[in-house]
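Here chain A shows up in two complexes: once beside chain B, once beside chain C.
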Partner chain A sequence: METTTQGTTQGSAQSSPQGSTEAAAPSATAERRPVTRKRRLFPPMTLKLGVGLSIAGLIVLFGLIGPLVVGDPSTVRDIGLTGPGHGFLLGTTQTGQDIFAQLAYATRGSLIIGVVVGAITLLLSSFFGLVGAFVGGWVDEAFSLLTNIMLVIPGLPLVIVISSYVPNKSIWLVAAVLAITSWAGSARVLRGFTLSVRSRDYVLAARIGGEKRWRILLVEILPNLIPLLASQVVFAVIFAILGEAGLSFLGLGASGSFTWGTMLYFAQNGLSLRLGAWWWFAPPGLLIALFGAALSLINFSIDEIINPKLRSQTRAERNRWGMSREQRQAAAEVTV
Partner chain B sequence: MRYLLRKLVFYVAALWAALTLNFLIPRLMPGNPVDLMLSKLATKGPVTPTTRAAIQALLGTDTNGSLWSQYGKYLHQLVSGNLGTSIAYFPAPVSQVIGQTLPWTVGLIGLATAISFAFGILLGRAAGWRRGSWIDNLIPVTTMLQSVPYFWLALLLLFLLGSTWPIFPLNGGYDVYSVTPGWNLPFVQSVAYHGALPALTIVVSSVGGWMLGMRNMMVSTLSEDFVLTAEAKGLTPRRIRSRYVARNAVLPSISGFAISLGFVVAGSIVTEAVFSYPGIGSALLLAVSNNDYALMQGVFLIITLAVLGANLLVDLLYGVIDPRTRARS
Partner chain C sequence: MTVLEMRDVVKDYRLRNGLRSTRLRAVDEVSFTLEPGRTVALVGQSGSGKSTIAKLLMQLERPSSGEILVDGEPMPYRGARAAAYRKAVQMVFQDPFGSLNPYHTIGHHLARPVRLHHPAFSRRQVAERVLDLLRRVRLDPDFADRKPHELSGGQRQRVAIARALAPEPAILVADEPVSMLDVSIRLGVLNLLATLQREENLGVLYITHDLATARHFSDEIMVLYQGSVVEHGPADEVILNPQHEYTQLLADAAPAPERRLARHRQPTLAAREGGGQQPLG
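This part shows the complex of A and B:
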């Protein structure tokens, strides 16, 4: 089911560059077609996607395996602020804690926040976006009003105000608060796309065919939204990690947790900037930036599925669309 | 007219939601501000019931009326412009604190965002027009910059340009010792000098988003039929680029500009914290660290109002720029 619906939506837009080849040399495209159809389920493996996946994969692995390998990140030693090397891969903090060990635990903490917020955001945004647009009528009006209001109310100040009222926060509370303030944007995008899918002929056909409404929503419409959902989740994860880092940096994060943000908070409060301890404040930020960039690269590839017009068209690639010498000969024979 | 009416109804609803949220959060949260303050005081010495009554009176939580009557009182106070008294800046009223800090934030954030928007649109136009050129290959780099947290970039720039090579000042909004605030040249120069690094941070970390959005819209618009027609008519490429493609491609960026303001304000809070900039973000953080709930609510309200106002402005403007939105609704 998935493959066929996927195919119908992308097929029309995707075949346009190949149109000329198709008309001139039907035999050549007939051989090529099964390959392209299989590829449509996943983004084509480009350099961007490869780099993005491998960086993100390495960071996730570091977050999963790192904490099992390294020592206790809170152990205090009497060798404060030693640079990288000297027995510690990334040096030590002011109180002699192993920064590499802290980084491993922080990676795990930040990734947990990202995953939890991503999941909650996915649920909330697909509920408010999909169901509203599909049902229509006053439900749609109410849902989209709620979405738009949540969209214009600034998130981080709200999160700051909420979290300042709760002195001892768990990591789950922080994740929930971040998710509540961040689902609206993707709900709006999903609503727009659902509205356009809903009015397509095949949905009408399914409705006339007597399919149940939930089945139309889940089986006919939802598969078309998968690339869009994926890119929204990736955005939500980036947003959550950045938001949590900002919150923790201000000292308002979850209590007793290790995340990239808390590391930066302690680095800032430990005057690492004035003391020139770059090995303390540089790695957490660099990891955030790398992870964010990797997820963005993955998102580019997903975007190119949603909107085939965005595919990079360098001159070399455009030349490849042209006919090969054999095809040109075959075409010449047909026309003459 | 119907379009305007719909918009106004939405903004009134959003305003009401923001006000109500601001009212409900302190009352629904498990932590009671009075208890929080008392527990802090109790670490320093014994707390008498009169202290408790005094703090309750200060925070305005001493009324035992129903939630509805409290809500009515709250709305009445807001309409008369009374936001309560700040604890962090005691005895200044909250409205005065906000009045002093808001111009700093609006000046810094407004200017930096406008510069970033203009730069991003121009770069994105160039990248979309010449797809696959060197400027298009710049996109991944700017995306990387965009996923860098605001405050970390600020720390890094501060470390490099403030400590290692002391070109820019480390913190503050102006030189407190040598200039007097007011409309004189030394003060303006000092403000510009102190604002350069925070502004640079904001521009560098947000320009990538504008650029990518504009580039993608340029690419999408370039494959429209009317562009082909324009080419077939033999119009100059320059004219096609600016009058035909860029003009249509910039529309989503303009509406995105309004939505992004909320994020910009959020990012600026952290940026202000790093640079100790005397803006509204610093006031919010000071309020948080001092349990100054009146100031906190006031700042949240002002930020929300500012974002709502900017959104309304862009929405109204959008109706003028893009007549299709008026026709559709």
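This part shows the complex of A and C:
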């Protein structure tokens, strides 16, 4: 077998010396191993992931550094509704407030909401999804009953009721309300996956080996759920930022703090659309759209790890599977 | 030294079908003894209760009635004696692709049971034991850093055997250890198991549906049919002189070159005798 394949390759390319193939083999395996190790922890760097990460990174950087550089976003001046450029990078509001400064603070506010909701959702959904499915029995029944109840409670009306009930809402309260209404879906997904992992042989083997139950959950089961958890968190962050923007736009958001939603709310109240003050509502709207798109792109890359069938299914990828024009010509010549 | 004895063990499962529920008797009054240094083969078709017996022994299930005795005493399910039991009885799973966690390295799989068995071991001592275990199943030391997906089926099954040996057990339950492996490497894995058994004086419960390997590797054979043991005896006795009709069916189903050769040698004679009856054995 070995000799025949070597014979044919040497027949087609006679000058190739035998030594070079032998030398190439071990170096190829040596190069391959660290790559596989890295690939297990991080998704492969594709165009999608690169674009998503850089847009999200820029926005996060703006939210972190921006508020330190700009002036007070609430300062009222007598130059209302000036367009961009006249001493203010993005112009001013009706009451002469610096929109760029507001945008920096709003970015920070929205990101805080996203991160807090992401973290709380991660905790709640992995507690109710993972622990319930792993322990089983009546705990599982109770947990999935609670999850199902939370799932059918319509999210937005509940959020509106809670936020209209509390008069002075901090940004943390809004985040908590959003988190409580949004963890149930991912808890169900996690429960399903945990049920399938729980009965796999390696978990049984760990039980037979005498591992403690919490250790089986944390060391044997949890690492296999990391891609799933990551995509759930990213989704929760998108949901939180959009949800908060929606709430604030309805005037039910956090009072006295800046987020993209409150900026849009004030722009709407200040009749920016009718007055043609695009520089007031366009930047926060654009940032919401861009950040959502960037996180979605990141999520698609994570999805491709969870479900490899999604990979290489774009038209460009599939075209690459076929023969090149030269190959097709060569094939045609051979067959004719 | 551990002697395991199953005495009239019954395992029922409840099958729910809407509001009705029926009972399925997976294991029906099975009794046998596992001793160090002896291999007992458990033969039977799919669904005959082989794996349920393995699960009962591994404490993954509890018997509905009857009892499992460890050194003459009832099986401990909790406390320090249960922990000691879990170390003394280990298992090799059927599917080498499912029994290793894809997230962890081979070294992790072997180091955990070593650490659980010797809590006082230092990091270096654990690493030495891991390399020693790899050597014993004829794998190179550099396998410790690899992930399961980089290994072939036979290599994975060797790792699974090494993991089962890590707590220094007295009894090993091998649940169809080669049925998922390539035919060409089955014998290697089985020979390895036999060698290790001799070296460690293990009691082995070899679960299989392959009569030929059962006869070759075990001292006793039990034939399981629909949950109950229909035949139990020394390996050669069961194969060469099957009493129960299911065992006879199994023995006939196994490929026997002599039988075929005999048929080819005297085709005319057999045809003249008529009836298409072929001489057995």
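What we mean here is this: the second predicted complex is superposed on the first by the 277 of 336 C-alpha atoms of A that agree within 3 Å, B and C clash if a C-alpha of one lies under 4 Å from a C-alpha of the other, contacts with A are read in each partner's own complex, and residues count from 1 in each chain.
We take it that a residue touches a chain if its C-beta (ideal position, glycine included) is under 8 Å from a C-beta of that chain, and two chains touch if they have at least 3 such contacts.
Nothing here was measured: the structure is a model prediction, and the numbers come from that model.
Visitor: Check chain A with both chain B and chain C modelled on it and let me know: fit or clash.
Guide: Fit: chain B and chain C sit side by side once superposed on chain A.
Visitor: With both complexes superposed on chain A, which partner does A:246 reach: first (chain B), second (chain C), both or neither?
Guide: The answer is first: A:246 touches chain B but not chain C.
Visitor: After superposition on the shared chain, which partner residues are touched by A:288: those of chain B (first), chain C (second), both, or neither?
Guide: It touches chain B, and chain C stays clear.
Visitor: Which partner chains sit in contact with A:220 here, chain B, chain C, both or neither? Use first/second/both/neither.
Guide: After superposing on A, A:220 lies in contact with chain C but is clear of chain B.
Visitor: Which partner chains sit in contact with A:145 here, chain B, chain C, both or neither? Use first/second/both/neither.
Guide: first
Visitor: Considering only touches as defined above, state whether A:154 meets chain B (first), chain C (second), both or neither.
Guide: first
Visitor: With the two complexes superposed on chain A, say which partner A:68 touches: chain B (first), chain C (second), both, or neither.
Guide: Neither chain B nor chain C is touched by A:68.
Visitor: Regarding the shared-chain residue A:210, is it in contact with chain B (first), chain C (second), both, or neither?
Guide: A:210 contacts chain C only, not chain B.
Visitor: What's the minimum Cα gap, in whole angstrom, linking chain B and chain C in the superposed view?
Guide: 5
Visitor: What does chain C use to touch chain A in their complex?
Guide: 58-60, 83, 86-87, 90-91, 93-95, 98-104, 112-113, 116, 147, 150, 160, 163, 166-167
Visitor: What residues on chain A touch chain C, complex-wise?
Guide: These residues of chain A touch chain C: 33, 36-37, 40, 200-202, 204-211, 219-220, 223-224.
Visitor: Write out the stretch or stretches of chain B touching chain A in their complex.
Guide: My answer: residues 10, 13-14, 17-18, 21, 25-26, 29-31, 33, 36, 131-132, 136, 140, 143-144, 146-153, 155-156, 158-159, 163-164, 216, 219-220, 223, 259, 262-263, 265-267, 269-270, 273-274, 284-285, 288-289, 291, 296-297, 299-300, 303-304, 307-308, 311.
Visitor: Within their complex, state which residues of chain A touch chain B.
Guide: Its residues touching chain B are 48, 145, 148-149, 151-158, 160-162, 164-167, 185, 238, 242, 245-246, 249-252, 264, 268, 273-274, 276, 278, 281-282, 284-285, 288-289, 291-293, 295-297, 300, 303, 307, 309-310, 312-315.
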